[in-house]
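Listed below are the structures to be examined.
What follows is a pair of complexes built around chain A, which joins chain B in one and chain C in the other.
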Partner chain A sequence: MNITFNLNGKEVSVDSRPDKRLSALLRDDLNLKGLRKGCSNGHCGNCVVLMDDQLVSSCIIPAFAARHKNIITIEGFSQTKEFSDILTGFKEAGVHLCTYCAPARVLSTAYMLRKHIVPTVDQINDNISSVQCRCSSFSLLKQGIIQASLQYSKRKTNG
Partner chain B sequence: MIEMKRFKDKLAGRVRFPEDISSKRTITAKVIRSTVTHGLIKNIAIPEIPENIEVIRAEDIKGTNKITVPGGSLPLLADGKVMYKGEAILLVAGPDEMELAEFISNITIEYEKLEELEEPGQRKDFVSERLIVKGDPEGAVKQGWQVFHSQLETPSQEHLSTPLLSAYVRIDGQKIIISSSTQWPSNVIQNVAAVTGIAKKNITVKTNPAGKSLDSKIWMPTIVAAYATLLSVKSKKPVRLIYSAHEDFLCSPKRIPASFQYKAAIDESGKLTGLIISILIDTGSSKMLTDEILDRICMGAAGIYQCRNIKVTGKAYTSNKAPMGAFSGFGLSQAFFASERMATIISERLIKIQKNEIARLIDEAIGLGDETKLKSARSRTTTDPAIWRKNNFLIRGNTYLSGGKLKKTPPSNILLDKLLKKSDFTRKYAAYSNALQNNDRFRSKPTGRRGIGISTSYMGSNFLRRDRGLFSSSVISKLDKEGKLTIITPTLPNNFVLFKLWKQIVSEILSIEEDKIEIVSDEENRIPLSGPTTLSRNITITMRLLIQCCEHIKKKRFRDPLPLEVKKTFKFSASRKWDTDSYSGLPFTELSWGACAVEVEINEKTFMPKIRKVWLVLDCGFVLNRNSAHAEVESEIMQAIGWCSVEDLPFKGNSITSADISTYVIPGIYEQPEISIDFLESNNKTAKGLGSLVLNSLPAAYCSAVSQATGFEFTSIPILPNQVFSALEDK
Partner chain C sequence: MAKINRPPVIYSPSSLQDLLRIYNLNKDAVIYAGGTWSLLNKESDNFNLKGSVINIMTVDELKKINRTDRYLELGATVSISRILELGKSVVPKALYQALRQLGPPQIRNMATIGGNICVSNRKMDLFPILNLHDAQLELKRQKDLRSPRRLLKGDSKWIAAARFIDSEGKVNMSPGEILTRIRIPNENWEYQSYTKTGSLSSPLVFAGLASTDKYVITDFRICFSTSKERIVRNREIEADLIGRRLPLTRKEISYLNNKISDVFQSLNETDFTTARAIALTNQFIEKISDPIADQDNF
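This part shows the complex of A and B:
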């Protein structure tokens, strides 16, 4: 079946089997490898993408569900100013992440900041819980998210 | 700038893993695995093989059908017999995943099921055994004023860390190029050469990041690389093999479970006079690095206390579980759980004896109407777990279990003093004991069941076994005519901060700008023999070799013509004698020390012990980067909390009942307690290993805290809510 959707700001059209998952479509057919394979059952959160501004685990979303949607992967997101905010925030806080889960942490942080420019502790905790990995120091990650939020709100305020 | 780019690439998902590499010619590989736990393969029925699909059976392997590590091996493909559920039987590969799946679904394997291997109690066929005797332990136990017995157990633990196991292999002329997230490239090359018959010089390993290395998968990437290479050689095409999360869970190594039986004798002053310890460990279907792990367990089980008479018997048995792995601590975590929990058990049983004696003396004095005796009886105090430890710690001149004499007093006393002060242990321990006693005495409903536990431990960096395949390491540095410095190390650190620090150190020694320094992993096989990157070897070996290389170049750079090349190879210090076979001498080249206190409160509704706070005082020498060290410690705290409180592998006999990571709970941010970390830099010049210190310290402290809060002597982990419920109900 043919699926047309907006991927990282560009219209794409691909043929896909009906049983294909969105993660496989993005990784294998569209070569977007920043999206990690992970657990393949929606649990670990390493394969998250933004679909119409919602954070979804792409390994449990059928590829056809992307039809006419706006999909943003880390490849697209890393070209935005929001990415620079998160990068600066994480860098300033000295966040240590493993190479595997880092893109998912960035996208989940971006999703939260879009909803809550100044997130509460609970919102930050929920955000951290959305990606499962043993690599991080939660305290540093919290600080990184707070720093990212400061960068983000500063830029928004300055227009 | 370079570091910022690396960080940006990491966050932007630009760093690649073997699972990400592909080309138009790449074929996908799959492993067909055993569905039975123990059995004979009676027949493998393979449908007609399409031209574009490759199949490899055990008999098709031209070289050796096994993967070896120093002191152990396991079959690459099951040949006639399967030893665990999930064992590899066949390899298949093809260009189209759907077609491949269809082909696989038509393969049938018939088995004759065999009884699972007996429990260790009935076994005599141990794959590894250790008997270490110091002094006269039997005599000491016989003559002991008090002798305490206890059986302690530690469970298995799942690695559960990304990335998934994967390998990408391609052939370039005569060369085999393997992309792997391995901690041990030299082991990959040696084994792939043995399995395929290809010369080692024609095999290159390109190392990809390994994620959070927890040491359970040290040799596992070698197997994945060997499978992919076999298929690539046969098909003459690039091959990509990625384990699914289910497959990874089913057959990747878990932490070795261990059980300990202690007989501990003390004299009237509470001094430890004799220890008899029997240890059993389950290695799974094959012995892999088991000797190293067993040696470390034996050493750690004897604890860090003075005792002239010790006997340790360590035995490793095989089972029908997937081969077990080292995991963080390489056995010391299991051992220190046992020895430190035992230390608290000894002190608490001694407290009971002392309290009974005080009560008896008071009764006696009252009976006699003797005021002086009454006063004297009432003024008597009991010990506590901290006092007992301080009275028994090893000091300079004492000997290890192995007979080697301690040249310096370990910093355990200093660490413990600081820990007691920070955590207010002495007051809290007494208060919680009294509260529990009063609750029991008046049968009142407790207002809050709290407990506090402590533990002290060490971590030994580098290997105990003197096998070149394990301990070897070299670093090569080359300074070219343009002033560019290239440093070749066996592997690159996953830790971005450490990598950055290496550059800074090199830059400082040679006064070369950082952008003219390149640190690369050995992809040209210039360092043919090197042990795995584990046990803090990046800090205690590679970094020091790197410094030696640079110091050497510094001396020669203005004297000799450029280019200059220097190679430095690790050698054990001649002054530290250690004999693995007789288990004698000074075992560890370097030790880091740790002390931990854990305070818990039992939730009266969920029966879940909630950790109120964790205190850690650590001595790992000079701390290279505090931020990074805090992050490492914090992440290990969560791993340790998981091991002793919630992580419960779903084994039924030898089989994992649910190989699904969504059912395997690990602690998350909501379980993170308040944490206090102090670094005691007793040696402010040399950096030592930090890894595994928390895992060696926290579990025993946690178990002791929960035991105090419930009034029940727990001797195994994890402590689950149903066990807490039973413990409280029994009271």
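This part shows the complex of A and C:
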């Protein structure tokens, strides 16, 4: 089955089984290694991508469901200014993420900041729970996200 | 001879009419909406789906949200996160709490309310609340041209959420039928509570609604769903509590606990489940007895 979708701003067409995992399609067929394979049940959050501006677990999405969608992976997101805001925020708070969860953590933070420029404690907690990795402490991650939101809102208000 | 692993046939209907027609022709087809439950526990890079799959996420009619003075109406493929975005002032508080507990944000973005209701195992999350709110579910099927009812507009029916699953926990839908809308009446409940305890393999869900007037219970509803996929609601217990003055006396609480224990034991539930059910009910009674301690009434 020919599956066409917009990947990181470019139209992509892949010939694949319709029931192939989107994570496998992106990682193996399209060589996007920033996407990690985790639990394959959608809960660990290491395979998240932005699909039509929604954070989704790519491991439980079959390829046919990605047709005509806009998909952004960490490779595409790293070209944006939001990416550097989040990295600066994390750096200022002293957050050092492992290479396994960093892409997913950045994408999930970006998703939250796009929805809530100034997130509440509940929203931050919710965001931290979306990626399951114990490389950083909970309180440090919280600080990192707060710093990232400050960077993000500063850039937004300065235009 | 090697087994041929054929890829599934995917249907992506663009309208509800199309969907009903396709489903009527392929009654064994797998319905795909959020895919958060049906595609779990598959190990390989392919889901190895067989036969036909109908992707209902392409049907716009099923994504609509409608709000009137009397009810909130949700399309079956409205995602959990979209419902949460409506806010606590629109979505009943207990339902809001239940939806928030359904998983991390990436799952809530994908999971649909219709999926949670129809998929076995998961339906127990929201059922106690939908049951207490007297929610109505719309089921639609392709109009049978040979039926005497063919002149009626569409083949749709509204059923109460309480009637959607039978006593054994099976979904009450005929082949070719599809859940299209969920209607939740707007009601003002002073106290609403939702708690899910236990692991995924043995959950116990408690939902409670209550209203009081000058420390007298004017309306009271409680419902449980158990790991045996049973909905437990006893209207006798509810009727017993209406009209009683708060806080309840020790004798009244002991009577209530015995009643709950009898109901659970008659259903062959374990002692542990019975004890949890009693504890959750007592917690809710405490909440409504002391509203100042619980500012959010939740």
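FYI, the second predicted complex is superposed on the first by the 159 of 159 C-alpha atoms of A that agree within 3 Å, B and C clash if a C-alpha of one lies under 4 Å from a C-alpha of the other, contacts with A are read in each partner's own complex, and residues count from 1 in each chain.
Here, contacts are C-beta pairs under 8 Å (C-beta built on N, C-alpha and C of every residue); 3 or more make two chains touch, one makes a residue touch a chain.
None of the values given here were measured: they were computed from a predicted structure.
In the three-chain model built by superposing on chain A, chain B fits alongside chain C with no clash.
Once the two complexes are overlaid on the shared chain, A:46 sits against chain B while remaining clear of chain C. Between the C-alpha centres of chain B and chain C, as viewed from that of chain A, the superposed structures give an angle of 90°, to the nearest 10.
When the two complexes are overlaid on their common chain A, residue A:145 makes contact with neither chain B nor chain C. In the superposition on chain A, no contact is made by A:72 with either chain B or chain C. Between chain B and chain C, the partner in contact with more residues of chain A is B.
Once chain A of one complex is fitted onto chain A of the other, the partner contacts of A:22 are absent, as it touches neither chain B nor chain C.
By the touch criterion defined above, A:1 lies against chain C but remains apart from chain B after alignment on the C-alpha atoms of chain A.
Once the two complexes are overlaid on the shared chain, A:129 sits against chain B and chain C alike.
Look at A:108: by the touch rule set out above, it reaches chain C but stays clear of chain B.
Of the two partner chains, chain B is the only one that A:100 touches; chain C does not reach it. Fitting both structures onto chain A leaves chain B and chain C with a minimum C-alpha separation of 6 Å. Shared interface residues of chain A (contacting chain B in one complex, chain C in the other): 17, 28, 40-41, 43, 129.
Residues of chain C that touch chain A in their complex: 7-8, 10, 12, 32, 35-36, 39-43, 45-49, 53, 55, 57, 79, 81, 103-107, 109-110. By the touch criterion given at the top, residues 1, 17-21, 24, 28, 40-43, 45, 48, 54-57, 60-62, 64-65, 67, 108, 111-112, 126-127, 129-130 of chain A touch chain C in their complex. Within the complex, the chain A residues that touch chain B are 17, 27-28, 33-41, 43-44, 46, 74-75, 78, 83, 86-87, 90-91, 94, 96-103, 105-106, 125, 128-129, 132-140.
Residues 4, 7-8, 10-17, 19-20, 22, 98, 160-164, 209, 211-212, 214, 242, 244-245, 494-497, 627-628, 630-632, 634-635, 638-639, 660-662, 666, 668-670, 672, 675 of chain B are the ones that touch chain A when the two sit in their complex.
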